[in-house]
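Next, two complexes with chain A in common: one pairs it with chain B, the other with chain C.
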Partner chain A sequence: MTATAARRPAASGPGAGAAGAGRPSPGPAGARRRPRIPARLRKIGLPYLLLLPALLLELLVHLVPMVIGIWMAFKEITQFYIANWGDAPWAGLDNFALAVDFNAPVGEALLRSFFTTCLFTVLSVGLCWCVGTAAAIFMQDNFRGRGILRALFLTPYALPVYAAVITWAFMFQRDYGLVNHVLTDQLGLTGERPFWLIGDNAFVALLTVSVWKGWPFAFLIVMAGLQNIPKELYEAAAIDGAGVWQQIRRITLPSLAPVNQVLILVLFLWTFNDFNTPFVLFGDSAPESADLISIHIYQSSFVTWNFGSGSAMSALLLLFLLVVTAAYLLVTSRGRKSSDG
Partner chain B sequence: MADTTLTKTAEPTGRASGQPPAGPRSRPARSPMASPRSFVWTRWIFLAVLTVFVLVPIYVMISSSLKPLQDVSGEFRWIPSGLTVRPYFDIWETVPLARYFVNSLIVAGAATVFSVIVAVFAAYGVSRYRFRGKRVFTVTVLSTQMFPGILFLLPLFLIYVNIGNATGIALFGSRGGLILTYLTFSLPFSIWMLIGYFESVPRELDEAATVDGCGPLGALFRVVVPAATPGIVAVGVYSFMTAWGEVLFASVMTNDTTRTLSIGLQSYATQNDVYWNQVMAASLVVSVPVVAGFLLLQRYLVAGLTAGSVK
Partner chain C sequence: MRRFRAACMTATVTALATVVAGCGGGTSTSGDGGADKPKELVYWASNQGPSIEADKKILTPRLKKFEQETGIKVKLEVVPWSDLLNRILAATTSGQGPDVLNIGNTWSSSLQATGALLPWDDKNFDKIGGRDRFVDSAVGSTGAEGQDPAAVPLYSLAYALYYNKAMFEEAGIDKPPATWDEMVSVGKKLSKDGKWALGAEGSNLSNNIHQVFVLGQQHGADFFDAEGKPDFTSDGAVAAVKQYVDFMAKDKITAPGNAEYAQNQSLQDFAKGKTAMVLWQAAASTFKSHGMADDDFGVAPVPVASGTPGTGEQVNSMVAGINIAVFKNSKNLDGATKFVEFMTSDTEQVHLNKTYGSIPPVKAAQQDKAFDRPDTAVLRDTLLESAAPLPQVPNESQFETAVGTAVKELFADAAAGRAITDEAVKTRLAKAEQQMPKQ
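== the complex of A and B ==
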């Protein structure tokens, strides 16, 4: 069987290969290679074989655990059942009822954590996107030192989360930190040294760290997106007398729409699910003002060993993300179509 | 071969490259029209503020790692009272940093190698063949990016424990389990990016290779992979960074002997006295491999993203 013949289904689809004669005729080169596997099977099977490892791994690590996780949400799993979790009694919808009973302490805390996460995500994604896009556009032209500046700007993204966040945790220390030194000692803006890692200020601290770490990703993606805008568009616009600001508004930003559609979605999902930043910044007990949902669920299941209700909360989180993602894709895709037509 | 592809894709516009060496004042404008003053000013102010914002933590990290202890256990000092490299020797004693480091190297290295191999096969299958279920596959794989880690952390933990009980393969608490977990984290993005990259390699090239007698896999390894080297390098960098920096799964799935840096580094902060100069030195040491690798190879990442984002 020649490789040429094996390639053919790529152009004609699997159906055409299967509908052919029982023994496919030898290809033009006519060389006989690997007669072990029936040719037809190889033709159809090869793409699946190529995908198999990826599929198996995703099944093992993501899809099957997710299904089990949702199943666990209907079980009453506590530390007594952790060894043989199959035997845990069914809880029905009790775990969900507990999570969404907003008058009870558990539900109320979950709801507050949810709103905190929403606010945090909107602010963080918005700032990351704005800063990243602005930086990418301002650095579209070549200027001296651009390469160095680009490397510097990408460094926060390259740093491991824990190293970056620990550095920020040091800067936010009340007594030894840089932030209070500048605010209190050097600028005299605050009379008494504020706490940054506990209390209400923790939200600001978390947001700062998140933007510092996150905006270079937006910068990177927008930079890549800018390279696909044809230069002729700018030249034509310049001949028509459009200034730089107008070019940015009329050419650059609209051309970035497809890139932004993916970028904002990815940023949203990452930020909303972010566990690493608050976990390293605050440790096991995040202050209420910065109690993001991932940390909240982690605490209410791993710390208290109440895995059933933790799973129910995670399942609700997944449901929420699915709905938002679907709605987002629907709205943005329609918007793009109508602006194209 | 790879180098020429790289410079072609990585050079953003080529506008500047053909021109005679420009002085600092005769920069080429973004358009044939001269940039108005408002644009130039906004740009410089914005970039200056951003540079300070990015630079300050990096400065704090580097300068504090060279400070004597009294400088970091009192009021913050911009300028160290003296420079010392002691923290760089002490960090290995305070916590078993070397062991964490080796664990992280093994885990991130292995996860990267396997993830890249798996992604290359999958992306080749998607970009070169038409088959039933292709769309389901890509959507499924990409949508796993959306799952909150917290949802499948516990089930995965239980699956690993049960596999261990049933077969004796220790996945829980071992480096193997962590490698297996991490390699799937970077897979969706890697596959997506490589599909874009492979699409940009002309099909005529692998068709020519098959005419010359290579099988499909021969075409993949002799033609497509060499032509897509920048994309593959970029994916490797991404995978390594992902595995090197992960915290949540490392916090649950490792024990004392397999602990990685992401958790190990926090043990400095749980000591009775936090030696911030040591913490900063350790942060710097564990960051150097990834930051250096990333900065050296970031142009590949930009080129790879450019190819991937077209689709």
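== the complex of A and C ==
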């Protein structure tokens, strides 16, 4: 930058005089000593300069670990090398080959975990959105106690994840848990006490906790989106004879589209990557039915001490999420543009 | 304008300086990393007592005594079992670990392979009084054969059969079972009216491994071949796992609810009189903390297939225990070695093992009268005569997870009422074997 400025004093434009006003114009030698930054560059440069600390921190906190993770995916980092990563031999694409060889046990387990996670995510995001949107629409009308109900609805979102999920883990215990006490002892719905933390029901338990934890966020965002819809629209629709359901379909939902676009994406990413909920519910080894991909990758690295293989799986997951996010944004933006047009 | 620009520059430079300082800060002021000062040590203790707090109360006076003797201050952190291995792995990876730490003795070989722990060659052993001070079986669980141990035995433990005397009397049983056939027949008498004979921790992977390893020995299976390769699907291994899960699936002497136990709930059930027997290591102090008196429960050797406990197929316990290790990159190796010497001294060994209900791996300390009590005598004799160490191979901790999970899943199947066939057991074990890292 300095060199450019020194070499191109003519490019400084009208603002260049500001710094040197009232002084004789310095010769080429003086320009080399005190280089001046062209005003236009200064104008463009300032925001970047101010952003620099944030960019550096972002680099440090997010990008560097990601790059190291990707680097690890190409290394054979097992227990023999974890004390000295530099010595780990290059594995080339071996770690990736192992992860995507779906006929071998490791790849097969990863694929099954991937499908479980997809199903879990679709159901969880769908339910969170439905419950959150329904609650937000009901809360639009002014009635007594609305404030208290709104605050109450947000409680699961405000609670620390660990405290909330460990409480669910206690409630889901077969012999002494509250869930079975209500289902079996009080309502008599099941003959024998079902297990929730092991076996196939674990999926239902995980989904329940996930929706319980996630819907208040959907509620919050949709509620905020609803504030922006002009009341006149509903009044006009009512005069035209539209019922509640038609108003929701024709006014509320289309108006919420931009909000929903972001909401669904965020919920998808959070749910797909959720580690805390299954880890706190099931501990080190999740039952097969609830073996989400984040837990699976954790096990593939920390439990088998094969961090190279775990990193390769993480890199694949990152790639998948990037592709899905890009495709989603592309499709939804195009859809919105065409409907706007 | 110039002043504004100067202000911006100052702000940017300050921010950058903070970032750079932040990066550098980690190395010089590591929160829980090894102590830099020569007169200070960081020690990670494992949770041996009824709670973390209890452990702190037990250990702090000992550390004070060490400080008085040597002038070295020890910063103690008691790490729960659920976190210990991950914390050690993180410390190994980052090089920011404690100076001295406790490890489960079964992890010795796995951690030895990382090269993060100080090898205990003869020179180092001499600093703490020599290798001969320790019981052979305990030293056998400190690392792979043919290599210098990665740690020094600290507390030794063995499995025993704990039984509820009142429940036995009520069911008209006069002595604890000595063979598995007796266990099943006695168990059927005890399992009625919402009460069950034998407790299990079906979702606790390590405990599953300890139980099936011993049954495996009794069936002549080792889980690893002579070259250290996994061999989980041998007939003996399948029979061992099936026998253990069948206590719930076929014999119905273990409550189905135990399939999801992983937090020592079976000990609570025992203390509450809901379960008549558990197979456990040094459980006496836990039972007492749950309100049982010394006379309420009896202790006997773990049953065998037939005959009496001994070596080979008569093995009835793993060599359980805790080892103490030194982080190789500790900046205070000398102090760390001194601390190990202190913790393994005869006096401390008697005191600590008495408090925790474990057996000292130090021969001289074992002679103390405190270890002649009926419950500790069973543990001591088992250790001396009929305990075998878990496989000392680098992949031991992966084995615990893979096979432990297979047993957990089989328990889940059994609890759901599915039949546990040889085929089902073999399929799960084959899957576990495939998950083991290639060698």
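Throughout what follows, the second predicted complex is superposed on the first by the 296 of 341 C-alpha atoms of A that agree within 3 Å, B and C clash if a C-alpha of one lies under 4 Å from a C-alpha of the other, contacts with A are read in each partner's own complex, and residues count from 1 in each chain.
As a convention for this text, contacts are C-beta pairs under 8 Å (C-beta built on N, C-alpha and C of every residue); 3 or more make two chains touch, one makes a residue touch a chain.
Please read these numbers as outputs of a predicted model, since none were measured by experiment.
*Asks:* Return first, second, both or neither, reflecting whether A:Pro287 touches chain B, chain C, both chains, or no partner chain.
*Replies:* After superposing on A, A:Pro287 lies in contact with chain C but is clear of chain B.
*Asks:* Can A:Phe138 be said to touch chain B (first), chain C (second), both, or neither?
*Replies:* first
*Asks:* Applying the document's definition of touch, where does A:Ala237 land relative to chain B and chain C: first, second, both, or neither?
*Replies:* A:Ala237 contacts chain B only, not chain C.
*Asks:* Quick one: is A:Met223 in contact with chain B, with chain C, with both, or with neither? Answer first, second, both or neither.
*Replies:* First partner only.
*Asks:* What is the contact status of A:Phe120 with respect to chain B (first) and chain C (second): first, second, both, or neither?
*Replies:* It touches nothing on chain B or chain C.
*Asks:* After superposition on the shared chain, which partner residues are touched by A:Thr78: those of chain B (first), chain C (second), both, or neither?
*Replies:* Touch status of A:Thr78: second partner only.
*Asks:* Just to be sure I read the superposition right, which of the two partners does A:Phe203 touch: chain B = first, chain C = second, or both, or neither?
*Replies:* Neither partner.
*Asks:* Is chain A touched at more residues by chain B or by chain C?
*Replies:* Partner with more touched residues of chain A: B.
*Asks:* Return first, second, both or neither, reflecting whether A:Phe96 touches chain B, chain C, both chains, or no partner chain.
*Replies:* The answer is neither, since A:Phe96 touches no partner chain.
*Asks:* Once the shared chain is lined up, is A:Thr304 touching chain B (first), chain C (second), both, or neither of them?
*Replies:* Only chain C is touched by A:Thr304; chain B is not.
*Asks:* Could you tell me which stretches of chain A are touched by chain B in one complex and by chain C in the other?
*Replies:* Looking at chain A, the two contact sets intersect at 46, 49-50, 53, 57, 60, 85, 173, 175, 283, 302.
*Asks:* Residue numbers of chain A touching chain B in their complex, please.
*Replies:* Interface residues on the chain A side: 2-4, 6-7, 9-11, 13-14, 29, 31, 33-34, 44, 46-51, 53-55, 57-58, 60-66, 68-69, 72, 85, 131, 134-135, 138-144, 149-164, 166-171, 173, 175-178, 180-181, 185, 212, 220-221, 223-228, 231, 234-235, 237-239, 243-245, 247, 258-259, 262, 266, 269, 273, 275-276, 279-280, 283, 293-294, 297-298, 301-302, 307, 310-311, 314-315, 317-318, 321-322, 325.
*Asks:* Would you tell me which residues of chain A are touching chain C in their complex?
*Replies:* 18-19, 46, 49-50, 52-53, 56-57, 60, 78-80, 82-85, 104-106, 109, 173-175, 193, 195, 197-200, 283-285, 287-288, 299, 302-306
*Asks:* Under the touch definition given earlier, write down the residues of chain C that touch chain A in their complex.
*Replies:* Against chain A, chain C makes touches at 1-2, 8-9, 11-12, 15-16, 19, 23, 82, 86, 89, 92-93, 95, 110, 113-116, 202-203, 205, 255-257, 259-260, 262, 394, 397-398, 401, 404-405, 408-409, 411-413, 415-416, 431, 434-437.
*Asks:* Quick check on the complex: what are the chain B residues that touch chain A?
*Replies:* 9, 12-13, 15-16, 24, 27-33, 35-36, 38-39, 42-43, 46-47, 50-51, 53-58, 60-61, 64, 72-76, 117-119, 121-122, 124-126, 128-132, 134, 137, 140-141, 144-152, 154-156, 158-159, 180-181, 183-184, 187, 191, 207, 210-211, 213-216, 218-219, 241, 244-248, 251-252, 261-262, 265-266, 269, 276, 279-280, 283-284, 286-287, 290-291, 294-295, 298, 301-302, 305-306, 309-310
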